[in-house]
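Common to both upcoming complexes is chain A, partnered first by chain B, then by chain C.
== the complex of A and B ==
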């Protein structure tokens, strides 16, 4: 089962890793605009979710880290055992888990934003 | 100014000089096992007289000749050219013929078979899988324009010194298997070609006489291929010929990711534009 060549997957892996570093840095810096404990108060958190650029930043963190993390997990698992059945199941499982995490995270963002569900 | 520079260089050289310990004898702790005969792993300690220039292979051959004829060992050239006598010496993969006992610390030297290779007997390991990975990357020049059957069409492939420099370092590989033994990925992933095969893939990939770059790329661009290298760099640190397989792997990765410009394509386009 090969949808993408390994070099293409790894290119995505490196790009998502570097991009995640950038967006997470922005996310952390945003926490420092106001005192940290204050930034975690309910009203402030909900206010963040109503800020569309910030919502897009959170969504990009979610997508980038999910892709990078689950591909990393796939690579680790591939090295554990070498058989076609194992490799295919690891690939399918990590893709499904990645999509589930992205879907659940996106749902949370939409619910907190108050625009759906 | 020049004197200061020379002094600095001398200081650096002194720092890097291998410490030599002169001893009259050493104890060789030899790994012994013959699993096929049901013999379990044990170590034999053998005292061997040594001189300043005695290599570990010399010491082993002395032990085999005068103390225990049954020691299983593979060797051939005794001058680091054939790559037969690779073994773990004090835990590090090295060539026995290229390691002087005076370079090693302690009066006991432990010799064991190479890790990551199926064990046969004593210090001898099976290289079949290693050579199979080497064969898989097609380590030879493939060029359809080279018609060796028709002598009239036989042409010389010109190569500039710059072109030669691109792969010369990697062509020094003697297939001793030390890099393969030191590789942490090979230890867990048996399908991983290993540093030797991957650096040879780069050696032929970058050779301007070869025309099968794409096919070679496809071979190494696999789930268990070049991307599984963790870049531990242990392959390069144990290489007795200074091949630096880790560098070859990173350079080939650069080509696969499209970071390195494909000089072969550029040269080909230049040649075509000249013809047109």
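== the complex of A and C ==
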């Protein structure tokens, strides 16, 4: 089961890793621009979710790390064992898990933003 | 593949054995262990933040679980793992692109691997030092009592 060559998947892995580094840095800096103890207060956190550029940043973190993380897990599992059935199962499972995590995180972003239903 | 073909496999023991290949092997399994740890934290963090959607009380209850000395220690570990995984990951991108590796030559005794040159070794040490520095800064923020 190969829709992409492994070399292409590795390029995606590197690009998502480096991009995640930048967006996570901004995410952490957002907590440090106000006193740390206040940064987790409900009103302040919800205010972040009402800020559209920050929402886009959160969604990009969600997608980038989910792709990078679950592909990393796939690579580790493929290094441990090799067979066609194992490789196909691992690929399908990690894609499904990645999509489930992205869907669940996106739901939180939409509902906390106030545009949920 | 036949089952008999797998008899020589060492499996996880070979994967975790740092003795055979030196620092590059240590770096290899640290990259994987930190990756799995960060993925687990990422999934946990998404679950943690989903409590926001249930209102202030659910959020406060979640903070009571996570904003504890133990929670802060786990966060410190996450900070260290992120710094190491990022710095060592950048080193690996260069390595996979062939940058920073020595030129192959005749394998004269004592057979020093050209891939294990000072650039590669210092990259591993820089990753470890950055992780320790990030953890120290994180500790000053988390336990600083601001």
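Here is the rule we go by: the second predicted complex is superposed on the first by the 117 of 117 C-alpha atoms of A that agree within 3 Å, B and C clash if a C-alpha of one lies under 4 Å from a C-alpha of the other, contacts with A are read in each partner's own complex, and residues count from 1 in each chain.
Keep this in mind: contacts are C-beta pairs under 8 Å (C-beta built on N, C-alpha and C of every residue); 3 or more make two chains touch, one makes a residue touch a chain.
If you're wondering where the values come from, they're calculated on a predicted model, not measured in any experiment.
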item	value
Joint occupancy of chain A by chain B and chain C, clash or fit	clash
First (chain B), second (chain C), both or neither touched by A:42	second
Touching partner for A:24 - first (chain B), second (chain C), both, neither	second
Residue contacts with chain A in the superposition, chain B compared against chain C	C
A:78 touches, of chain B and chain C: first, second, both or neither?	first
Partner chain(s) touched by A:104 [first = chain B, second = chain C, both, neither]	second
Touching partner for A:10 - first (chain B), second (chain C), both, neither	both
First, second, both or neither for A:87, with chain B first and chain C second	first
Chain B versus chain C as contact partner of A:69, first or second or both or neither	second
Chain B region in steric overlap with chain C, selected from 44-52, 134-142, 242-250 or 260-268	242-250
Doubly contacted residues of chain A, that is, touched by chain B and again by chain C	10, 14, 79-80, 82
Touching residues on chain A, where the partner in the complex is chain C	10, 14, 17-18, 21, 24, 32, 35-37, 40, 42, 45-46, 49, 62, 65-66, 69-70, 72-73, 76, 79-80, 82-83, 101, 104-105, 107-108, 111-112, 116
Residues on chain A engaged by chain B in the complex (per definition of touch)	5-7, 9-11, 14, 75, 78-80, 82, 87
Residue ranges of chain C touching chain A (in the complex, touch as defined)	1, 11-12, 15, 32, 35-36, 38-39, 42-43, 46-47, 49-50, 52-53, 56, 59-60, 63, 67, 82, 86, 89-90, 93, 96, 141-142, 144, 146
Residue numbers on chain B that touch chain A, as the complex places them	185, 188-191, 221-225, 227-228, 256-257
